[in-house]
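Take a look at this one; I'll ask things after.
Note that the chains are named A, B, C, D and E in the order they appear, and that numbering of residues resets to 1 at the start of each chain.
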């Protein structure tokens, strides 16, 4: 258990650090890389929680697809690769205030609700269980999600293509 | 492991995401911040799944991941569209309609 | 856990039993979606009208199983996959509404898309996808299903809002809608994760039971409060309730008008449907949370929406604020639903009746806007000057829709409001009556700007002196015909919709 | 048959809508035919009405309408509604005739006549409805046509006047519908007026008082009572002649009728609590309306303010909650309908001839158009409550009744009202005669000296004669009306009487 | 006939309708209908009198009524109540009306609204007769208001001139102010009598103690307010002089003989209420007597300073009405009613005479008359008779009735006897002045005076005869059965007798004659002294020629001195007139103006600014609110997002805190 806690501490520290840099850096490309670190951290957390399948999906979809997609976006919109002076708008302080307020509200409620309850680790949940769940209870959303992805695909193409 | 250590991590990520979407003016950075928030949710879902010993949390997280991907795709398309028309992705300049 | 055990678990998978009659609307709709996509691939530029017709017929075909389900004998409740997907009277009524609204929007869009140099095939494809999301929403009784349905109905909307690609306003509309939509989704998801974490289930009935549970670990905890709130915020965004409304005017103004009509009616109704399911099934035990919340949202929406609408000069923007105010009226019954079971019943009826009526009158109003814009090429209210002189038919129709929105009897809108008032007084508490008075006062404020449109049409001269009649294409005529006959028929015989509303809430 | 009376005009309006715009003669003939047919139904009702049972509802129809909210299509008339129904029918016919050759600008007789027919349905329906929701629908149905009539065919400031009228009234009705719904839930889940009358008394006192407040707002604005009257002068001044006539002759009565038909019989207890305040506003209205009249420069506006004063008498009669008072109120409603309707007709005709209604510019009407002048003089005297003409029987019994209001009401309060109201009759004479003097007496002002002023023409004769005859007939034989209303009023006051006897 | 007395008002009413309908097309333009109808009515009225007197004694009033309307279980009838008072009034009204109509054919000849004039006269007569025969107060009220309207129409007959229509409005409004009291009194007594308007019943209840004294006092006082308006009692008398703007026959009929006595008639009719309410039987000083007494003196004083002959007569009428009211106030019921009777003849005579003069000289002003004795002998002699009757010279009509009043007052109301005597002096004096100014001296006007046509002269002569002999009706000369006091009497079956008769009192009679002569003497002395030179000149042609210019000049000076400067020598009269015009009339006019101004302020400030302002303000603030709220819609998506998150978190904290 100690090892897990140490791992969590490291991962969490990396994630928070990367996350903070993500929202403060003045370099767009670097921001994408910080995002990759956070997403990787999330995958690691999933593994800690015994959700292997989700963790790998996270790596594949997020790091493999989404981050790449975002990088493409950065390049297509000709954002400077290097440092850029002003990436923030003029409501930075408001934003910080709101964010801190949100954090405070969430943290206090969470602390109140679950205090020091522990996760009783039940072992790794196999992919099969997940798939049973998807194709059992959640079969309708699953099918609909496929239509959704199709729609997003077609729509994104229709919007983004030059004509 | 405490449940709350995951939840608190998620909360911090969520708050950073909130800051990011509010303070960043580059459209792509805003999208990244949104991802931060969605990942916070995913941590929550998986942690709760483990806590409650149900697979539904993971399933939920999978749906979120899939749909987040679709959202990012659409979002980028919109940002590209705007970039093509205005040669800028600064979203705080987009205020033609107001009042 | 051994591999064997896992394998055993894997083999133990049993395919869920699906009621294909109950799923027939979704299946037909999906088939139509695919057909439209394929047809679009193969149709040449001058054959694109086929696609529109295909979409229209597909929607009409979807109505067939809905009607047959409604007319089938026995219990109308068909529950599937552990109760996470249910087809009952409620979902049938709303599915029917979505399909009809979709059909009318197709009619409205027909010439608009054809003449405006837009992608036609994709337009209908996305429209149908969104409708599919709504239809699924009507049956979803599970957080995940609701989430997926919500995204399915939203994402095509984000795209369609930007369909006038070269128009900066359309881009802006799309971006604002998208960004705020995604953020609202994130908030909602966070809320869902909390509720899931607390109850350990995504199924609304289980959630309801867990929340109702008494004791120190019961559903009264702050975390539940926050979860419920965040989820409601997500949908409050969808239904454009103040203070989560800000996207609506900008998006409505910038988006192509048929899309605006679709967003303001179908998409909004989708949000309300989700709220019905969540509030009346999942969170019913915590009316101390959502009761006041909806009260505040309702009063703010009505008041702010109406007051800002007073100052609008653009008709679509005015209609956007009007739809914010109308959403406020639909929210009013929620606020009092927790008082008693009978109040909940009449509150649900009121909201559903309001949605049905609202759909007809708002679509009608947008149809007229589209028709008039074909001549004036303007969205300014002042461009409606003297409409009665050169297009008396459109002027009369617009008048009917405007005053129906304002809630003047004997038009349908009045009944919607009466049902809301009825729900309020059924609850009968002091706060409920105060809410009713606020709604009453707001209905008067609303009249002011609705009537100003009528005033322009009837009482001011034509601004540019151009009195050529407006040519209204046949599909638009059909859309106007459907909407106006509903508004008038319901005005005279409200029982038709009242019965639907009662069925759906029963 | 009653259904026909209510719905015939709207059916006629629909058919009118499909007649092409250019065929003006056909349009007018059809509208006249429809209104005449409706009036014929009215005559049938007059003949077939069982006067021995005028306290009971007759010609009732009671079928399902909106079962979900337990609202029914329940109509019927008794001795109170019958005269008002007939009034509404007659006035509409006369208005169609009056506007025969001179539709106000921007002309468009088709739309104008459609609106008039819609109005008639609304008015007839309100007087026939026996279900609160049905009542509400008809009550509101008159709003839209009147809004357009004022807004499209009105005077220079018409848009402001139209929207003011509309908003004011809608504000009242919004609260009124809340009160209706409260009655529904507190009164045994029914909207049926006779059933509610049977059960209304069981509602707790404080709830009754609140519900009455809602009803009061709805009806008082329509009446209009001080201080909710400010829409009236604007609306009347700007409305086209026919609009003013219908507004004065019938629409204002919807409010007072609401008090008599709904508020008082269903909520007698609250009515007792509210009566002194209603009476107070009524007498303020009497004096205030008169003072308003004296300050006017515009003939039509003056007549409009006089309506405030006259409706004050009606409301005073109602506030006494006695048989005498309410009978007087009904009489006052009909009389005011005839007389003020006539005055507005005349004001319209004056406006048409001189292109102004400014009192200071007019003069010598009796010289230039003697018959018109005499009719004006006649109506002025009728309006100031000359005995022997209809106006008196609305005022005098109302004042009489306030000497001895319903048992349980403060005597001294109502006697004070009585004195003030009777002083109001002097004011009424003052402003009306002042107007008569300025308009009809003297010689024509130089600007009109040379102009040829046409005396009363044929459509005016036809439109006015029935009203003038009615004023005289009711003035000489008040029992024409009293014997119809008396029994029905007894039913209205029965709740109050029972309360008094229970004390 | 008595039971069919309703025919008497009905006939003129029908005549009114007929004249309106076809009058213009008839050869005499409707006059023949009016005169014919009123002639029939007069005959019927005479028949009624004869039948009434011939009835067996004790005579009970004849009553007939039908249900007029019914309300809430109360049956309101319309009907007739015929007794001595009624038949007396019927005769007076129909007779004077008949004469006036005949007279008007001459006086109004050529008037542009000739037909209408007769129609209005018919309507007036009908209304007045209805008032007279009314068996209940409501019907009386109806007639009362109708005669008011007719008065309005006839005063304003020549409405082309604003002064005339203003006078008509003033008359109507002033009387209507009094009518408020009448209406409230009728209402009070209606409830006091147990929801009953019946007059006979009311009298009976009042006299038998069926109604509390307080109610009777209130009701009586309220009714008296109406009387003050209609019968021009101080201080509501101001309208009557102005009402002289109407044609003179109208003044004779309405403003001298009939309508203005309606108030007196009302008091006499419901005397039980006043008797019991004001405790007249107890001999106390009461409102009625006081008002009557004040009116006698004030009006008589005012008559001195008038130049307009009709105004002299108008003030005289007011003064005489004061006598009648005072008589009723001191319990001399018969005397008051008798004075009403005689006054009708000689005052109508005087008015018609003045009409004849005006017809001749085309002016109302005495300063433009003079010497008419020679030009208009008939008018002169009849006018002289009328004046003497008014002055109370025996045995003319006025003597008998006035003497009776003074006699009646001497029984316990000595103060009012003095008032009556002072009034008699003044009456005699101002009439002497008027007669002198009009008929003596030289003609001062510019027209060519001539005697009036027979249609005017004959009524004068008839009235002249009656003014001479009318008073005898009150004496035993006509036989005990026919004696006025015998058949016109206030008797309520079942109620105690309240009207007591006082035997002719020679000292009192002599006193009143003496004061009358004193009045004449003073005035005559004053005027004759001034005109002595002229009198001497008349005797000698030479002197006449020599003095002609001088006299004329002198006379003109005299005229102005008389008419204007000398009147200062009547300081009381002058002061009274000043008070009358400035204070009382000023108050009346001021009330009018003040009301108008208040109205303007109320309308401008309260209605337009406050009430309408509040309404418009609500609309305005809604729009302003809209403008402010619009600013929140910045157009920037991240602002919206900040609201989204901020609001969510805030509401969350709030909800968590409160639940």
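Heads up, the rule we're going with is that contacts are C-beta pairs under 8 Å (C-beta built on N, C-alpha and C of every residue); 3 or more make two chains touch, one makes a residue touch a chain.
Bear in mind that the values here come from a model prediction, so they are computed numbers and not experimental data.
Among the remaining chains, those touching chain A as well as chain E are B, C. Comparing the centres of all chains, each the average of its CA atoms, the largest separation from chain E belongs to A. When chain centres are taken as C-alpha averages, the shortest distance to the whole-protein C-alpha average belongs to D. Here the spacing of chain A and chain D, counted between their Cα centres, is 71 Å. Per-chain Cα centroids separate chain A from chain B by 7 Å.
Per-chain CA centroids place chain D at a distance of 38 Å from chain E.
A separation of 31 Å divides the Cα centre of chain A from that of chain C.
For chain A, the set of residues that touch two or more other chains comprises 89, 91, 94-95, 98-99, 102, 105-106, 109-110, 114, 129, 132, 137-138, 141, 145, 148, 152, 155-156, 159. In chain C, the positions touching at least two other chains are 144, 147-148, 151, 155, 158-159, 162, 165, 174-176, 179, 183, 190, 197, 222, 225-226, 249-250, 308, 311, 448.
Shared interface positions of chain E, i.e. residues touching 2 or more other chains, are given as 619, 630, 633, 635, 637-639, 641-642, 645, 648, 652, 656. The list of touching chain pairs reads A-B, A-C, A-E, B-C, B-E, C-D, C-E, D-E.
By the touch criterion given at the top, residues 1-9, 11-20, 22-29, 31-33, 35-36, 39, 42-43, 46-47, 49-51, 53, 55-59, 61-63, 65-74, 76-81, 83-84, 89-90, 92 of chain B touch chain A in their complex. Here chain D touches chain E in the complex through residues 164, 167-168, 227, 229-231, 288, 290-296, 322-324, 327, 364, 366-367, 381, 386-388, 392, 396-397, 399-400, 403-404, 418-419, 422-423, 425-427, 429-430, 433-434, 437, 440-443, 477-479, 482-483, 486, 489-490, going by the rule given at the top. By the touch criterion given at the top, residues 105-106, 109-110, 112-114, 123-124, 126, 128-129, 131-132, 135-141, 143-145, 147-148, 150-152, 154-156, 158-159, 163 of chain A touch chain C in their complex.
Across the complex, chain C is touched by residues 64-69, 111, 133, 136-137, 139-141, 143-144, 147-148, 151-152, 158-159, 162-163, 166-167, 170-171, 174-175, 177-178, 181-182, 184-185 of chain D. Taken in their complex, chain A has these residues touching chain E: 89, 91, 94-95, 98-99, 101-102, 105, 109.
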